[in-house]
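Just passing along the structure, written as structure tokens.
Order of writing sets the labels: A, B, C and D. Residues in every chain begin at 1.
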């Protein structure tokens, strides 16, 4: 009996010492060096987030484990590459960037927790991170609450414009809308919509439905499969029955591999039907196998083959850092230039203070690998060029068409009459 | 002849084609030590199983006090009808103390809600103390049941059966693995408890049967071959032929 | 009419995939009662083996022999997965035979470690395997096209089934395994080394997981988490079929496969999946021990 | 002599009370961020106690407690979401083309209803599944696998019915709870205090339950379910009850989780988190009540700490932890202490025996 009590006593002791230790640690962290404080006071009165001595801390928050690690690891690598390059060129405001890496573990509450940690504990100047809409939505209340910054690098469904988030991926009107237009013009007007069952495909397809309706095109079918679904025989049978001109594919992740392999096995090639994907980039093609997806289309803002001097340099640097076989892709590039956009805004503002950086960021331009990107001050999205590409046998994507100039981002599709119902229901 | 407490009528237990019990009629009388013997596979253990609902009868009826039909009841309902069973291998709760084992075995309302507010009564404590005295486990009452010697485990299980205050006690080879001394003690205990209830025992040890039996039933191939006193059993030619054979001769010689 | 035939074929095809991933489990779980949650990761190993051998062929073999890589992958995957299974049995599972729920947790841990190992070696992204050319395309029956890869998997699952049958029921070694699984003590008394038999049986079960992984490269993604998407399905097949009944697993696999396809065709993939699991749960209420019941008199 | 005084002052109850008080006083020591984390861990600890009642005491392993946790969490989240939209349509519904609040959301406008349903809903589902399966004597690994199937069904449904549940993104972006801002430090401290009190209550009541005759019956069912039948008990009733109870506790924990973390999504309720929950109990020590609490806090603290410094290695570590605990520490950390105790006790006993001998 007595010794069992000893066990409980031990827990008590550990708990007490843990708390004392934590409180001591916190105090130490909060109590700044008196000298430094004096310097700070002379420089500026408000806090200078993440700026600590000679370095500026920036948070990197992607899934390094779990199902999303497949996609997010490369974006993280691109961001680290950008940070490294910036540091080699003298850093930002004369200070080196210090990345604080966290794992979102493909779990949205973990994204919220880690964002909280980065902002509260590490006091980072900004966070680069996220991939899925869910992860962004999880981080959104956190960055808004603590007035932090988030650079989000992936194309998404739109309908959002948080003052604390910069969206460097495509808004729907920079990827989906032009793709549908192009398909209607070049490939036919009967559409089959296929997507994974979550927010991006559902919202994207709602917009496509409205657009098709407006253009007088025909929607012959719409199917959603659970995330991670692996057997597409039944879906393919349904597609065969309807025999559409175009399959608009918003499947996510592994499902694409299964879908394309089984589509080919079912004897449907790109000559019979066009599949246009908006979530399949060079990285994913490696996993699918180029022979299977060859000839099908994608819609993005950037391809590894994009012909700009900036891209040539970016691809070379990326492959030098991560190996000859490494490929670049749209989200990777968006993660990469996001870091540069932020750095430029900080230089402009002369501080890492969030409000000032946000103000300075308006209208900033950067020569990114995909061309000139400009931050739209109204919604903190980015002007980007839209490109339709065709998958080649070597796994690269060759461009078929591109917009003449970067497209203004329009996350709520305000510019399109046919989308008024969509955006109206949101305005409430 | 006293009224039968339990009556089996034309009971069949069919294990996918194999009839472990075949058209068995069987009667248990009160205040008797009733042994069931027979060669391996004769259906002795299955007989106990079918009474306590471990195995369901394929057809036939089992009547308690010639009114209550048992074959449709579940195991725990049968216990509440006053039938308790001890298994061959001691099945006691190793991770509970001796006294805990008796506590949960004790006759009481055993449904969920009465159990949640169950408290010790003076009477219950007295009963358990008496039982500990009776089976001689008083010294070890606080020990975990798993730490008991084999014989003690057997008695603990008998005690658990008795704590349920049953009208009919079913014992499956209660003295297996016991020393001579322990066997005698168990025999005395059985005689004692049979004063106010029926005791039905499956046993292989003929000396033990001879010493303590009031009635002996001989089973063979799922059917009742013969029933009577041990003496009558030993003298019956058919029993000799199918089962006892040499063993009885030995016994006679001894 | 065509629709019905195609749905039926798709159902049978799904069933054959389920059978292939569940066969190994029917042995380790069904016969040995080991809940091997790392079964999915053994499938993953089979898939990566195929990938590795493909790369060896790309780099070192003349291109005209490229298709051979797949034929070679199958036995290699079988052997490698079996060896890893054997290692797992000797080092871990052997100590947990009496604690099935604990073996479940421990093997889940092993699964995690294997996943992360794959991630460290091959990287997190999916890797691509090019299907051999003799399996691309399909058999044309009128307007129907039955993909060769599907037919191949159907054939492979039948071959695996037959070889398991021959092994267990027609060879001396298989008889020993059955003897041990049915009555351990008795088999021990008769001089059968139960340790060896356990090790062998588990290795065989694991080996078939490897073969399944090899076949799955024809259909879907190859990544570190490929196993997790199949493991529950595999357990369902074995449970529905009846634990301990190899041929229950066959009926379980095709039953689930066909029903699932029909549900999915009539509704959609999400609802189809939900419906099939509800049917399984309901079915197990009706027949708790699965399609093929093995009655026994043993206590507990 | 000394022993008795020591025993009096440091009786188990006194120490437990001290731990409780110390937890209550934590806001004085910890920063907001750490307090929030600790609060989350303690919410997990509540769930772990419920899971341990089921697994550690009754021997039923459920790999599906994530969904009960999730149901509780979603109930609370639905209320918070409606608070945030001011009774209007949540954003994701608008995108999915809904124009009116769906029927099943309507009761969640009222916080009291949401809280009651957050406990009741998991309980009802657990009761239905438990009643059927336990009555049909599906037990052991079969039940465990079925519980996993249940997770798959519920998660697929939750992800699939995007217009009702927010799909894979789940529910987040909350404002107020009973009119208080959920994100402010004071409210968060209050949530923490509530969590500690609930944990104390759950612990106290569970302790009361398992220390009495009821607890012995549970152990009896765990160690010999069939024998219990022949003692006149109906194990299925007891198992159904404990399963239902532990589901309700999980729902409670889920509600506290959402209040402190501010988001719930299907990833939090799936198969992997459900198995991790079992690890908390296994590591801490099943069959004790303090064990799961320690396990939940320790594993999650390690997860936070480890994945902060070595995100890649975390998975290795987690996997290894499972293997090591199961093989070498089947009784968890508390078991380790018991072993150590026993050894010392034996030494004590042997020395006292010697003393007796010398007297006689």
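The rule is short, and it goes like this: a residue touches a chain if its C-beta (ideal position, glycine included) is under 8 Å from a C-beta of that chain, and two chains touch if they have at least 3 such contacts.
For clarity, every value in this text was computed on a predicted model and none was experimentally measured.
Of all chains, B has its CA centroid at the greatest distance from the CA centroid of chain C.
When the C-beta pairs in contact are tallied for B-D and for A-C, the bigger tally goes to A-C. Chain C has its Cα centroid 47 Å from the Cα centroid of chain B.
Averaged Cα coordinates give chain B a centre that lies 44 Å from the centre of chain D.
Distance from the chain A centre to the chain B centre is 73 Å, each centre being the mean of its Cα atoms. Centre to centre, using the average C-alpha position, chain A and chain C are separated by 36 Å. Shown for chain C are the residues in touch with two or more other chains, namely 116, 119, 270, 273, 299. For chain A, the set of residues that touch two or more other chains comprises 64-66, 197, 224, 226.
Of all residues in chain D, those that touch two or more other chains are 156, 159-160, 226, 312, 315. Looking at the complex, you find that chain C touches chain A at residues 3, 6-7, 10, 13-14, 17, 116, 119, 123-131, 136-138, 140, 145, 147-150, 218-223, 225-226, 229-230, 261, 264-265, 268-270, 272-273. On chain A, the positions that touch chain D within their shared complex are 1-5, 7-9, 11-12, 15-16, 19-20, 22-23, 26, 64-66, 101-103, 105-109, 112-113, 116-117, 120-121, 132-134, 137-138, 140-142, 145, 157, 159, 197-199, 202-203, 206, 224, 226-227, 422, 425-426, 428.
Taken together, the chain D residues at the contact with chain A in this complex read 3, 6-7, 10-12, 15-16, 18-19, 22-23, 26, 28-34, 36-37, 40, 88-89, 91-92, 94-97, 99, 156, 159-160, 162, 166-170, 172-174, 183, 261-265, 267-268, 272-273, 290, 294, 304, 307-308, 311-312, 314-315, 334, 337-338, 340-341, 344-345. Residues of chain D that touch chain C in their complex: 61, 129, 132-133, 136-138, 140-142, 144-146, 148-150, 152-153, 156-157, 159-160, 226, 271, 275, 278-279, 282, 312, 315-316, 318-323, 325-327, 330. Interface residues of chain B facing chain D in the complex, by the touch rule stated above, are 52, 54, 74-76, 79-80, 84-85, 87, 91-96, 100, 103-105, 110-112, 115-116, 118, 160, 164.
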